[in-house]
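Going in written order, the chains are labelled A, B, C and D, and every chain counts its residues from 1.
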Amino acid sequence: MLLAQYKQTRQYTESLCAPLNVEDYIPQAVDFTSPPKWHLAHTSWFFEEMILTKFVAGYAVLDGHFTFLFNSYYQSVGEKAVRAQRGLITRPTVEQVYQYRHYVDEHMVRLLSTDVSDEIKALVTLGINHEQQHQELLLTDLKYTLSLNPIYPVYRPDFNLVSQCSNAVETPEQWLSIDEGVYEIGHADESFCFDNERGRHKVYLQHFEIAACLVTNGEYIEFIESGGYTTFNYWLDDGWTWIENKQITCPLYWKCVQGQWYYFTLAGLKPIDKQASVSHVSYYEANAFANWKKMRLATEFEWEVASSQFTWGQRWEWTSSAYLAYPGFKVSDGAVGEYNGKFMVNQMVLRGASVASAEQHSRSTYRNFFQPHFQWQYSGIRLVK
Amino acid sequence: MLLAQYKQTRQYTESLCAPLNVEDYIPQAVDFTSPPKWHLAHTSWFFEEMILTKFVAGYAVLDGHFTFLFNSYYQSVGEKAVRAQRGLITRPTVEQVYQYRHYVDEHMVRLLSTDVSDEIKALVTLGINHEQQHQELLLTDLKYTLSLNPIYPVYRPDFNLVSQCSNAVETPEQWLSIDEGVYEIGHADESFCFDNERGRHKVYLQHFEIAACLVTNGEYIEFIESGGYTTFNYWLDDGWTWIENKQITCPLYWKCVQGQWYYFTLAGLKPIDKQASVSHVSYYEANAFANWKKMRLATEFEWEVASSQFTWGQRWEWTSSAYLAYPGFKVSDGAVGEYNGKFMVNQMVLRGASVASAEQHSRSTYRNFFQPHFQWQYSGIRLVK
Amino acid sequence: MLLAQYKQTRQYTESLCAPLNVEDYIPQAVDFTSPPKWHLAHTSWFFEEMILTKFVAGYAVLDGHFTFLFNSYYQSVGEKAVRAQRGLITRPTVEQVYQYRHYVDEHMVRLLSTDVSDEIKALVTLGINHEQQHQELLLTDLKYTLSLNPIYPVYRPDFNLVSQCSNAVETPEQWLSIDEGVYEIGHADESFCFDNERGRHKVYLQHFEIAACLVTNGEYIEFIESGGYTTFNYWLDDGWTWIENKQITCPLYWKCVQGQWYYFTLAGLKPIDKQASVSHVSYYEANAFANWKKMRLATEFEWEVASSQFTWGQRWEWTSSAYLAYPGFKVSDGAVGEYNGKFMVNQMVLRGASVASAEQHSRSTYRNFFQPHFQWQYSGIRLVK
Amino acid sequence: MLLAQYKQTRQYTESLCAPLNVEDYIPQAVDFTSPPKWHLAHTSWFFEEMILTKFVAGYAVLDGHFTFLFNSYYQSVGEKAVRAQRGLITRPTVEQVYQYRHYVDEHMVRLLSTDVSDEIKALVTLGINHEQQHQELLLTDLKYTLSLNPIYPVYRPDFNLVSQCSNAVETPEQWLSIDEGVYEIGHADESFCFDNERGRHKVYLQHFEIAACLVTNGEYIEFIESGGYTTFNYWLDDGWTWIENKQITCPLYWKCVQGQWYYFTLAGLKPIDKQASVSHVSYYEANAFANWKKMRLATEFEWEVASSQFTWGQRWEWTSSAYLAYPGFKVSDGAVGEYNGKFMVNQMVLRGASVASAEQHSRSTYRNFFQPHFQWQYSGIRLVK
């Protein structure tokens, strides 16, 4: 079953690249994104470096250069420079990177066809989850790059990532009520989760009411039109500095052309669908919107407790929780331990999943996190009152 | 009694300035500090603007320019420029600023000698607490400025702000144990507190042990000498970037001269006292130190619950809690409402008080907060395991 | 003959791209370079925009988007952003850009097969010279991009751009003496030149002696090894700031590996040839080297007067002349007038030509110019005493 | 006579400070300006360091710290930080700096009352000229600082630095004609000059006509009102970037209040005098104004040759010459040699003198120089056609 999962994941990554030209694989638009070619190679490097070279006797790496070029675990300044220059690495070619993938796949499939140890199983599962994270980034990074081309290229004309609150049970006005009390938080069973979800523990929650549906584009346009971006009082101080310095006046990818709102999507430039959930907002914007509504965002604990009662999974949802360690958090040993703990400052937690997430990559205890100014994920807003 | 408090506070601010020359009142070393002259004037402006002009019929401001010059509630970019230029405002002179203080005092004393409303009482109390905050900043800002003078000027030769863990009951090795359970957090009674302390609520804490004493300079030197600042693994990613970019290798004000550690103090440059509590560390440093010790910092809730069992008050203590709203947090209306809520992102909470705090300005529910890279407060480290 | 020149120039540009993979056409390493794809398209745009759309009745542009995407004459901030994002324009594809070139060529060849006006002839000649400038940049920009790939890709294994002072008549120690007197400077006849070369005029030169040969890599290594980059006195103040801030310790593309000097070339990483002329030095470095030698660089007037007596053409040679207008300089009308005049501040003149220059693109009155910190051209050093 | 000159110069510096409060002596508004206190101390340091400690047996410096604090000849990065922090050096006090001046004066007067060597005479003369340069900077730096105080402080109510073209012989429309030919440039006799003026040499000038008067504020307002700051074509590329980035729309110190132009002067905020010569323009502005007029600025050689035929001395006049070495320029040995040569890149020459120049500090061969964006000197515009 792990073999099937492995194959499915690797294949899905390649299927995401099917609509690309060779040219599309190359650019890195900004230091926090990576080129498709790099995502393809880095996820392969993970299996090669963490599993094949360690557990397969006589395994020969395909190309020693790749070990350096496609490693993301950089620590010193010189190597950070390399990180910002992923878009300049024209060689190896795209074709050579596919050869690399297939070489790694061949050896992984051979390995997984044998009876492997629990340690290897755990690492393969981690590698699959790691690749699923990169699938998400591959799409959001690609969208960011394409959006900067003034001719608004189309990734796939039939690509429709828009979500609507059309669930028969839920209506935009509906509020779910959660009682005060002690609740358990964190990953409970033996299935896979990241280290930051572990350490199941009790929290005490006050009573709260949470919206059944996400904020829509239509509601967000109201916020804009009522002066949301020019009213100091709605904004965190850092948020106000951010919108002033960057001259932010709407979510990422939105354009107002002759009074009509459009957004760039992976299907090209489209008129905004007012019924769809807003996305590509920063935490600052989500928080300002909630202030304007005289409401607030949920904490990540409130979200986790309430999540069984509403539909989620198309937008990452900003919470009002800073990304911090759970009680008893322990960093794993070795390179895999660099994963999460070192980012536990200056970031806010997002809960749920997004339209860019692989289907298997979603659970109610999952903690995503970004700095509060980032907009390039499919991030949305759910209100609490 | 409010009148006495008012007089005492106002007088104490001036006594802090007694050792200064006119020249010392002027400079602003960096945008997050302010000149002594500005602290003197701004705290007076607060009483004038928030109370005298609103509640005293016929009150005439001493100088209309001061309303603009000494207001800190700036919102637009142009005015932020003004904020960074407080050190360039040579006129009014220091003497004129003292005249301003005394003019405001005269009217405030007259007002407080009458039977004033609860609204006024609340505002005066706020003004007193506001001035106490500025007393703290006046000292820490002054220390920052003087430290940049290569001849290390002395503020007061007898100024000794060093704290030691000399409490008879406590020893450096002592650990206090707190049981798992539900605890109440936040300001409980009707006495003064800031808006961010209100909303007393329950939290669930896991069992923990907290150090009776703060980390000492001696222990911190061990951290440095064992490679603390050159070992990537101890640091948060942002913290590592910070020490690399700013070339940080020790707490603020420390210098190593021929293998001996010294620090700049308000009594001049001194050899470091190894028994004294470390201070002037950033959150990044406090967190890295705790990682090196294989321990951690307390959350602000743990700190508040445990604080009755140890001595505190000379060092602000970094907690592992991000500065966020308590359940039910409400921003006050008007200018006083700008106080705290808008800073609730990208900051970490400090608990306790410091040697620069006015005696009356200290309570176990008090939440101080700064961005994680700031070192210029008397910030220290208390460990939890 | 103009038709032949046109064809030869267009063909030569494409031949320079023959060794490239599709991937190599895409990246823009830094804002002052451009991708090969952009050079190919922009030079075509020039002929389309300046000639075909203006002089060919019924000419239809191949794609209206290209008019915007491949225009370099940006003036406002928004468009400057576009300039820095040439590497993100993955569509049109490389193949489409070649189709664009051939479409333009087809119409240009048809036009040039007729009897065209002098105005058109002049514009075609300008377009040819413009494309020759881009041929030079195509190579130097490509070299810059490839150099940032840690695996040092090879453009062409047989590409040898190294020049040596091997002329039978000249020896490294030879000095040419020029008499004091009045000389004529500037383009003299009716052949093509840029506007900045026009306005032939008299200058008075003092007696000087100029080196027959350029400074070699061997001499430059002596400069480095004698502390050239750590001795304040050799450097202009701005140059010293530049080497300190950017941590410059050698010419661009040089690396010292275990005491041996190597440089990246378009044929890959190679040991440095000590007899070859140094290149990829900034004006600051050229000036510092001359100071170390207790000599100086030539003015552009000295260079022009002396140039008939020595061999030149493989290295652009830094002069000590700032790039300023000749007496009577007039900016041409229209877009072509934006060419040169607006850059006449903060730049230094280079004379000669380089190994990256097209053969026909070289004359003794040619004035190249760059800011004094640029190193990415094949720039060299000729001394005067 | 040297003694009298010394005394006069030293006294004049102090007289410039007479209107200052202690507070005014402290701030440094920006890294290219210095506080009055520093100018007072540094000019004294020059005499102490270059003369007293070297030539007076047994001379004891007043305070060893001053040798470090008031030295401007910084070379390394650490010390550059110190340069930007002159405004933070509150100790020594202003009174102590005056004591330092008087201590140095006492010893200098004693020395100059004896029969001193030519070497000492030359150094004293250099020191006097150095102090005169600082007198100029003291005024222009002070003006810059005071201008940033929103209440527009007055330095001296009777301070009138405005110049008018009221010479009976000259009229605004008058043009002076200079013939083509060979002219001699540079300092001719044995009187004092800086190293950059030496090396008298021949230049060949083409015929030109130069304005008898400087451009007035009235003419400059016409330029502004006809769209001067929004028309790309008038500007050098770097100049356009500068006005866009810094949002420059008028000369430094100008404000438009309800359609009326005012400027900040050392006598306070005043309505602009349209007949007076414009000042506080950058080279970029001077050049753009000339382009708008379809004229140009003079080269420094044209200016020097023509200067005997017009009145000058109240505005530094931007020339179109980059600041470069004269033929045969030699840097002096030792610290005094750091004076001028190292700035010979990226700067433009100004000729003449300004209302802030000491009377004795003016001659037709004097070469002042600044980067093209600086506006804080009394810089003006003279046209050539």
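Keep in mind that, in the parts below, a residue touches a chain if its C-beta (ideal position, glycine included) is under 8 Å from a C-beta of that chain, and two chains touch if they have at least 3 such contacts.
Protein identities per chain, from UniProt: A, B, C, D = Ergothioneine biosynthesis protein EgtB.
Values in this document were obtained by computation on a predicted structure and should not be read as measured data.
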Ask   = Which chain has its C-alpha centroid at the greatest distance from the C-alpha centroid of chain B?
value = C
Task = Can you check how far apart chain C and chain D are, centre to centre, with Cα atoms defining each centre and the answer in Å?
result = 37
Remark   = Rounded to the nearest Å, the gap between Cα centres of chain B and chain C is 57
Request  = Could you please state the distance in Å, as a whole number, between where the Cα atoms of chain A are centred and where those of chain C are centred?
outcome  = 44
Query = What are the residue numbers in chain C that touch two or more other chains?
reply = none
Request  = Between the chains shown, work out who touches whom and classify the graph as line, ring, star, complete or other.
outcome  = ring
Query = Every touching chain pair, please?
reply = A-B, A-C, B-D, C-D
Query = Which chain B residues qualify as touching chain A in the complex?
reply = 75, 77, 182, 201-204, 206, 232, 235-240, 244, 283-284, 287, 296, 320-322, 324-325, 327-328, 342-346, 348, 372
Remark   = Listed in rising order, chain B residues that touch chain D in their complex are 21-27, 29, 65, 68-69, 82, 85, 87-91, 93-94, 145-146, 148-151, 153
